[in-house]
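Each structure below appears as C-alpha cells.
Paired with chain B in one complex and with chain C in the other, chain A is shared by the two complexes that follow.
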Partner chain A sequence: MYSNKVQDFGTPARPAAKSVALQIDGQPVTVPAGTSVLRAAALAGVNIPKLCATDSLEAFGSCRLCLVEVEGRRGFPASCTTHCEPGMKVRTQSRKLADLRRGVMELYISDHPLDCLTCPANGNCELQDMAGVTGLREVRYGYAGENHLAAPKDESNPYFTFDPTKCIVCSRCVRACDEIQGTFALTVQGRGFGSTIAAGPTNFLDSECVSCGACVQACPTSTLMEKSIVDQGQPDHAVDTTCAYCGVGCAFRAEMKGSEVVRMVPHKDGKANHGHSCIKGRFAWGYATHPDRVNTPMIRSKITDPWREVSWDEAIAYAASEIKRIQARYGKDSVGGITSSRCTNEETYLVQKLVRAGFGNNNVDTCARVCHSPTGYGLKTTLGESAGTQDFDSVEHTDCMIVIGANPTDGHPVFASRMKQRLRAGATLIVIDPRRIDLVRTPHVAADFHLPLKPGTNVAVLNAMAHVIVTEGLAREGYVRERCEVDQYEKWKTFIASPKNSPEALEAECGVPAASLRGAARLFAKAGNGAIYYGLGVTEHSQGSTTVMAIANLAMVTGNIGRPGVGVNPLRGQNNVQGSCDMGSFPHELPGYRHVGDAGVRELFATTWGVPIQDEPGLRIPNMFDAAIDGSFKGLYVQGEDIAQSDPDTKHVQKALESLECLIVQDIFLCETAKYAHVLLPGSSFLEKDGTFTNAERRISRVRKVMPPLAGMADWEVTVALSRALGYPMHYDHPSQVMDEIALLTPTFTGVSYDKIDRLGSIQWPCNDAAPDGTPVMHEQEFVRGKGRFVVTEYVATPERTTRKFPLILTTGRILSQYNVGAQTRRTENKVWHDADVLEIHPHDAEQRGITHGEMVSLQSRKGETTLRAVVTERMQPGVVYTTFHHPESGVNVVTTENSDWATNCPEYKVTAVQVVAHAKKSEWQRGFDSFASQQEGLLPKTAVRGDVR
Partner chain B sequence: MTKRPEPRPPAPAGSGADTDPSRAAIDAAIDAAIAENRDLRGATLPILHAIQDRLGYVPPAALDRIAKALNLSRADVHGVLTFYHDFRTSPPGRHVLKLCRAEACQAMGCERVERHLAERHGAAMHGTTSDGRLTVEPVYCLGNCALSPSLLLDGRVHGRVTPERLDALLAGLAAEERA
Partner chain C sequence: MDGKKLVKMANDIAAFFAAEPEPKVALEGIAGHIKKFWAPRMRRELLALLDAGGDGMAPAVREALAAHRRLLQPATR
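The block that comes next holds the complex of A and B.
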C-alpha cells in the first residue's frame, strides 16, 4: 500500500461540469456531480473510516466501515457507494455509527493474528489505523473460534508474499488486478466464511499474474507485501523520481531508508502512469546495487591486456590523451561518440556537445538509430515534428485503435493497461502484427481484426487500407483540404487509388485476406476518434521510414490528428529515446531537430559554445563501424549503450570494435561492448543523479538523486571532466544549469526549467511562450510544418527474401520481464520468468523439421548461426519464427543482417531469412563468445567487478 | 523459459500425455460441453453444469479450456467454480446420494438417516465409500418438504426416507450393479 502519509480520497475523482453542494458534519461542501460522499468528505478534510475503498478503485461497499447518516433517510448508507446529492446533510460521526464501526472491526479482528509489533506493515497498515480510529478495545467473541490463522503463506513470487492469515477479503487486490491492470489473475474462491483470495487454482508464480504490483499497492494490510519491506522494514522518507525502464516514463516514489531504496512505488499523481506500474519499474531495481556494478575506473592499452584500476583523474587524463593522440595522427574526424537513451537529457546533451565542441566534429549518434530513427524522419517529413502527437490520457477518448508492430502488454505494460481499460469500455481494436500478440485476445479484450501479415509488408497493408478509405469515399476530404497540402494530397490519392494498391492486389504479398483489410479499413475510417499506436515492428524494416509516413497518411486522410483521442503514437522503447533524439544526438541535427547545414542554427550554437560547428553531418553508427574496419575511424566514446549486443550483424560489430585504437565505455556494468574497451568509466544508475527523462508522449519528468553515485561521479560529471581534460572546459555545477542552456538554445524547450517541472510535476514539450505549460496534443490548430504533407509510399519488398536454404522469416522482439539487452533485468529476480531467449516456432514448421517443444535448435542465416531452445506455439504463423535479444549468449544479432531502412539506416531486425535445424549444440560463435568472455573475465583485477552474469 | 501461460504445444508423438485415451475422452467431453453452450449469455455456469453432467465432476483441465473459449481468465472461472458447492473437482463414486439437510428434513429426522449412512454403509457426509460405489453430499431443500426427509439418488427424488427404506434403495443399487 501507499505510505499512510499519502492521502487516499476513497473513491476516484469524477470530472464533471456540474457541481453539487451539500453539507458534511455541518460544513458546506461543493463537489463535481457523481462524487461519492466518502470522497467529498475527504476533500473537506473529514476522514471517514474505510477499508475496502481506495481512490484508485471503483467503490465496492463491502467493508461497512464508511457508514454515515443522511438526514431524512433511514439506515446507514455506505458513503463510498452513495453519491452526493444537492442539499444532502451528512453526519459522519454519531454514537450509533461509532458502535456499528466498532462492531465491524471487532469481527475483522476476531479472525486476525495479533502480531502487529512484528508485522511488516507495522506503522503503515490501514487495518491497524482503523482499529485505532474506531476505538476497538476488546473482541467479545474471543479468538478460539473457527479462523484462517493457520493458512500457509504463498512466497512463490520473488518480489512479494501473500499471507492469507492477514487477509480481510476486501477484494481490493482482485479489483486492482481487474480494473487497473486488466489481467484478472485474482479471484475470491469459495463462499461465505470460506472465502479466500486466490490467484486461480495455483500459487502466484504459476498463475496468470504478471507481477505489476497493483494488488500489493492496493492491499490495506500486510497480506500482499513486498519482500524488500519484509526484509528491511518500513521506509523513513520518499523521493519522487521517474522510472528508468521503458518509454512510458512512469512517475515513482523511491521509498528510502537513508540512502538505501526499500521500495519503488508508482506515484498517484504521475501523469503518464496515474499510480500504476509494471514488474520492471516496481520490482526490478535491485540491479542498481548489484555486486556486478563497476565502481572503479580502469584502463588498458590493448584489449588483450589485463585491466588496471586507476583513479578518476588518471582514467580521464588517459582517455583525453588517447583522443588527442588519435586526432593528431588520423585527423579530427577519426573519433566520435554515442549518446545513451538510458541517460538523462542533460547527459545526452553534454555528450553531443562534447563531440561537436570538444572533438570538433559531428560524429555523434545514438541508439535511436537502431529503433526510432524512422519515426523522427517520417513524422518530421509529414507532420513537421519528430515526435508522437498525443499524451497517453488521449486514449480515454479513442473509439478505434490500430496497434501495428507493437506489443504493448510486454513492451509498454503500464500503457497497455490503459489501452485495455479503454477497450473494455467499448473501443474497437485492429492489431497488425505477424504474431498473435496478447492484445489479439486476452481476458475480456479481443481485437476486432487481427491482420497477421508477413514480416516486411507493413507498407502493403497500410497502402491497402488507405486504398479502401479513398476509393470507398471514406476520406475526410474537408479536413484534408483545410489542413494538408492539397497538391500533394491529390498526387498521393491518385497513387493510392490505383488498382495495384487494392487489398485484392496486395493480399498475396502481405498474407492478409482482402476482406480483413477492407473490414479493418472501414472500421478505422468510420470510428469517431481513430488512434494509431506503433512500435519497432514499424521502424526496424528496410521500409521503416515509409511505414511511418504511411501511418501519418492514414491518420491525416481519416482526419485523425489534432485533438484528444486520435493521433500517431510511437511507443518509444527506452526511457529516454525521445529525449536523446531531442537533445541533438543525431549526426545531422543539433538539439531541437535542427539541421547542421542551417547556418543560422550553427551560428547560435557556435556563439554560445564558443567554437565553430561543422556544417556537414557526421557518421551514423553503421558508418562508424564501416569506417573503423576500413581504418579511418579510431576512437569512440560510448555512454550507456551496449552496441556489441544490441546492434545487428554482431560479427561485423565485433570486428569494428576490435579495430579501434581507443574505445571509451561508460557503463554501470562490464557490458559486452566494455569487453572491447580500453577505458572503462563507471556509470551511475538513475538513482544516483539528478536530471530529466522525456517519455513517448514528450513528457519531461525529473529524475532525482536518492543515493550518492556508487563510483563517486554521476555520468554528467564524467563527461564534463573528460571535456575539461580535452581542453574544452564546461561550466556546470548542477544538471539544472544544463537544462537552462538547452532551454536557451532550443525553441521547443524555451519555457522548460527545473523550477517549472517541480511546479507542474512534468511538462510536455513544446513548452514556450505559445504553450507555457506544455503541449499535451500537437498539431491542434495547424500542423507544425504548416500544412500536413502526404507522401507517396510505394511498397517495395525487402531484399531479404526466403530461399530454399533459408525458408523461414525470423522476426525479433521482447518480453515483459526483460528489458532491452537485459543488463539490468538479468541482474534481478526477473530471470525467474525468463532466464534464456527462446525461439518461438509454429507447430507445422516444427513438425516438418522434427523439432519438439523445449529442445535446442540451430537458427541459421546467411550471416551466422546460433543455438536456442525451441518453443512450439500457435502464437506464430507458419513460416515465421520469433525470438528476443535479452541475453548476450543467445547471439540473436549474429543472425540478423546488414539490411537497413533506406532513409535512416535503422536496421531491419524484423526480417531475416533463416533456417531452423533440430538437435543442436552451441554454435561456433557461441563457443567463441564463451571463450572471449572467460578471457576478459580473467583480465579483470581480482578485487573488481565480475563479468556479465552467465 | 517463460512462465507465462503459453498455449499448450501439441504433445510430442508417443509422449503418452495426450494420447492417454481417458485424458482424450475427458478433453473431448469438456470441448463438447463448451461447444454446446459457449454462445449463451453468461456461458460459464451452463458449461460447468454440462461438464459435470457428462463427467460427474469438473476436471482441472476444464479451467483453461473454458477460460480460453470465453476469453476469461483462469482465475475468473476458478472463482465461479469454487463458489458453488454443487460443483465437484474430483470424480465422485459411481452413485451420488444427496441428502437434504434443510429445516423440514431435519425436523423429520434426516440426521438419523445421515448417521445410518455413515455407520451402516460407510458413507459419511462429503465422503465416498471405500469401494467407490457411493458418494454422499448434503443438499439444502429439494422442494419435497411435505414428504420429508428427502434425498436425491442419482438424480431421482425419494421422500419419507427411513434407515430401512435407505437400505432397500442401496440394496437395489447393488443388485443393479451385479446385473
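The block that comes next holds the complex of A and C.
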C-alpha cells in the first residue's frame, strides 16, 4: 500500500462543477457534487474506517466498514458509495456503528494470521489500523474453523510477493489492475468464503501482469508486498523526485532508510502520472547501486593501454590538457561534445555551454539527433515551437486518437494506461503501424482501424488521409483561414488534392487498402476532438521531418490544435529528450531554439557568458563521426550517452571512435563507448543529484538528491570542473543557479525557478509573464509562429529498397521491461522478462527459410551481419521483421544503415533491407565484439568493475 | 569528409524541395537549409565538389549551390 503517512481520501476527487453543502458530525462541509460521504468526511478531517475503498479507485462497497448514519434515512449506508446531497446530516460515530464495524473486523481477523510483529507491513497496514480504530479486542470465532492460513505464497514476480494468507479479498488489487493499469490480469475466483485472488492460471510471472505495481500500492494488507520492503523493512523518510526512464516523467516518492532507497512509489499528486507507474520506474532502480558502477576516474593514452585509476583532479586535468593540445594542433573546431537526454536540464545546459564557451565552437549535439530531431524541425516549421502541443490530461477530452509509429504500452506505459482508460470510455482509435502493437487489441479496447503500412511509407499514408479530408469537404476551412497562412494552405491543398495523393493511388505503395485509408480519414476528421500521438516510428526515417510536418498538416486541416483533447503529441523516448533539446544541445541552436546565426541572441549569451559565440552551426553527431574518420575531428566529450551501441552502422561508429585522440566518457557504467575512451569520468545516477527533467508534455519536474554521489561528484560538478581546468571557470554552487541562468536567457523559461517548481509541483513551459503558472496547452489563441504553416509533403520512397539479396524489411523498436541501450535495466531483475534481443518474424517468412521458433538466425544487410534468436509471430506482417537494441552483443546496429532524415540527419533505424538465414552461429562482428570486450576487460585495474565487458 | 555522403545529403534535401511548385523558392529552400544546418567545413567541401564537376549531384543541388554561392561560402576560418 501507499505509505500511511500519505492521506487516503477513500474515493477519487470529482471535478468541481457544482458544489454541495452538508453536515458531517455537526460540522458544515462543502464539496463538489458527486463526492462520496467518505471523501467529504476525510476532507473535513473525519476519518471514517474503511478497507475496500481507496482514493485511486472507484468505490466498490464490499467491506461494510465505512457505514454511517444519515438523518432521516433508515439503515446504515456505506459512506464510500453514498454521494453527498444538499442538507444531508451524517453521523460517523455511534455505539451501533461501532458494534457493526467491530463485527466486520472480527470476521476479517478470524481468517487472518496474527503475526503482525513479524509482518513486513507492520506499521503500514490498513487492516492493523482498522483493528485499532474499531477497538477490536477479541475474536470469538477462533481459528479452529475453515481458513486460508496454509495457502502458499506466490514469489514468482522478482519485485513483489503475493501471500494469500493475508488477503481479505477487498478486490482493490483487481480493480487497480482493471481501472488504472488496464491490463485485467487479476480475477476474484470462487465465491463467498471460498473466494481468492488469482493472477492467470499459475502465478504472477506467467500471467498477463506487466508488473506496474498498481495492485501492490492498492493492497491494504501485506498480501501484495514489495520484496525490497520484505527484505529491508519500512522506510523512515521519503523524498519527492522524478523517474529517470521514459518521457512520461512520472513523479515518485523515493522512500528511504537513511541514504538507501527501499521503495519507489508513484506520487499521487504527480501531474504526469497521477499515482501510476510502470515496471521501470517503480521497480527497476537497483542499477543505481549495482556493483558494476564506475566509481573512480580512470585515464589512458591509447585504448590498447591498461586503464589507470586516478584522482578526480588528475582525470580532469588530463582531460583538459588533451582538449587544449588537440585544439592547439588541429584547430579550435577539432573537438566537440555530446549531451544526453538521460541527464538533467542543468547538466545538459552546462555541457553545451562548455562546448560553446569553453571549447569556443558549436560542435555540440545530443542523442535527440537520433530520435526526435525531426520533431524539433517539423513542429518549429509548421507551428512555431519545437514541442508537443498538449498535456497528458488532454487525452480525457479526446474523441478520436491516431497513434502512429509509437507503441505506448511498451514505450510510454503510464500514458498508455491513460489512453486505454479513455478508449474504454468510448474514444475511437486509429493505429498506424507495421506491427499489430498491443494497443490494437487489449482487454476492452480495440482499434477502429489498424493501418499496417509498409515501413517507410508514413508520408504516403498521411497524405492519402489528408487527400480524403480535403477532397471530401471535411477540412475545417473556417479554422484554417483564420489560424493559418492562407497562401501556403492553398498551395498545399492543390498538392494534396492531386490524384497522385489519393488512397487508390497510394495503396500499393503503402500496403494499406484504400478503403481503410478513407475510413480512417473520415473517422478522424468527423470526430469532435482528434489527437495525434507519435513516436520514433515517425521520426527515424529518411522522411522523418516530412512525416512530422504531414502530421501537423493533418491536425491543422481538421482544426485540431489549440484546445484540450486535440493536438500533435510526440511521445519522447528518454526522460529528458524535450529538455535536452530545449537547453540548446543542437549545434545550430542556443537554448530556447534560437539559431546561432541570430546576432541579437548571440550577443545576449556572449554578454552573460563573457565570451564570443560562433555564428555558424557546428557538427551534428553523424557529421562528427565522418569528420573523425577524415581526420579533422579529434576530441569528444560524451556525457551519459552510449553512442557505440545506440547509433546506427556500428562499424562506422567504431571506426570514428577509434580515430579520436581523446574520447572523454562520463557514465555510470563502463558502457560500449567507454571501451573506446581515454578518460572515464564516473557519472552519478538520478538519485545522487539535484536538477530537473522536462517530459514529453514540456513539464519541468524536480529530480532530488537522496544519496551522495557514489563517486563523490555529481555530473554537473564534473562539467564545471572540466570547464575550469580548460580556463573557462563557471560559478555555480547548486543546480538551482544554473536554472536561474537558463531563465534569464530563455524567453520561454523566464518564470521558472526551483522555488516555483517546489510550490507548483511541476511547470509546463512556456512559463513567463504571459503564463506565470506555465502552459498546459499551446497555440490556444494563435500559433507560436503567428499563423500555422502548411508544408507540401511529397512522398519520397526511402533509398533503402528490398532486393533479391535482401528481400525483407527490418524495423526496430523497444519493449516494456528494457530501456534504450539497456545499461540500466539489464542490471535489474527486469532481465527476467527480456534477457536477449530477439528477431520477430512472420510464420510465412520463417517457413520459407526453414526457420523454427527459438532458433538462432543470421540477420544480414548490406552493412553487416549479426545473429539473434528468432521468434515466429503473427504480430508481424509478412515481409517485415522486427527487433530491439537493448543488448550490446546482439549488434542490431551493425545491420542498420547510414540513411537518414533529409532535414536533420536523424538515422533511419526503422527501415533496413535484410535477409534472414536459418541455423546461424555468432557473426564475425559478434566474435570481434567478444574479443574486444575481453581485451578491454583485461585492461581494467584489478580492483575495478567489470562493466559491460560481456 | 566523405564527399559521397555530402552529395547524398544534399540530394535528399533537394528531393524534399522538389515538390515546391516555384523553382526559385525550391532553390532558396535547398540553399537556406544547407546554410542553416551544415557546419562551414561541410559547406566548403560541398562547394568544392561542385567545382570539381559535381559528380552525383542532383541538378537542383547544383543550381541551388550556384545561385546561392555567396550565402553558402563560409568566411574563412
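Methods note: the second predicted complex is superposed on the first by the 947 of 950 C-alpha atoms of A that agree within 3 Å, B and C clash if a C-alpha of one lies under 4 Å from a C-alpha of the other, contacts with A are read in each partner's own complex, and residues count from 1 in each chain.
What we mean here is this: a contact is a pair of C-beta atoms (placed from the backbone, for glycine too) under 8 Å apart; a residue touches a chain by one contact, two chains touch by 3 or more.
Computed from a predicted model, the values in this text were never measured in an experiment.
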Quick one: is A:875 in contact with chain B, with chain C, with both, or with neither? Answer first, second, both or neither. first
According to the stated criteria, A:843 is in contact with first (chain B), second (chain C), both, or neither; which is it? first
Which of the two partners, first being chain B and second being chain C, lies in contact with A:191: first, second, both, or neither? first
In the overlaid three-chain picture, which partner chain does A:853 touch, first (chain B) or second (chain C), both, or neither? first
Given the touch rule stated above, what does A:210 touch, chain B (first), chain C (second), both, or neither? first
Tell me the contact category for A:898 with respect to chain B and chain C: first, second, both or neither. second
In the overlay, answer first, second, both or neither for which of chain B and chain C A:588 touches. second
Taking the two structures together, which residues of chain A meet both chain B and chain C? none
For chain C, which residues count as touching chain A in their complex? 1-2, 5, 9, 12-13, 15-16, 18-21, 33, 36-42, 74, 77
Seen from chain A, its contact residues with chain C in the complex are 333, 362-363, 491, 495, 542-543, 545-546, 587-588, 595, 597, 616-620, 623, 626-627, 629-630, 632, 792-794, 796, 898, 900, 902-905
Going by the contact rule set out above, which residues of chain B touch chain A in the complex? 1-7, 9-10, 12, 60, 63, 67, 71-76, 78-79, 82-85
List the residues on chain A that touch chain B in their complex, please. 183-191, 198-201, 205-208, 210, 441-446, 815-816, 832-836, 838, 843, 852-854, 869, 871-875
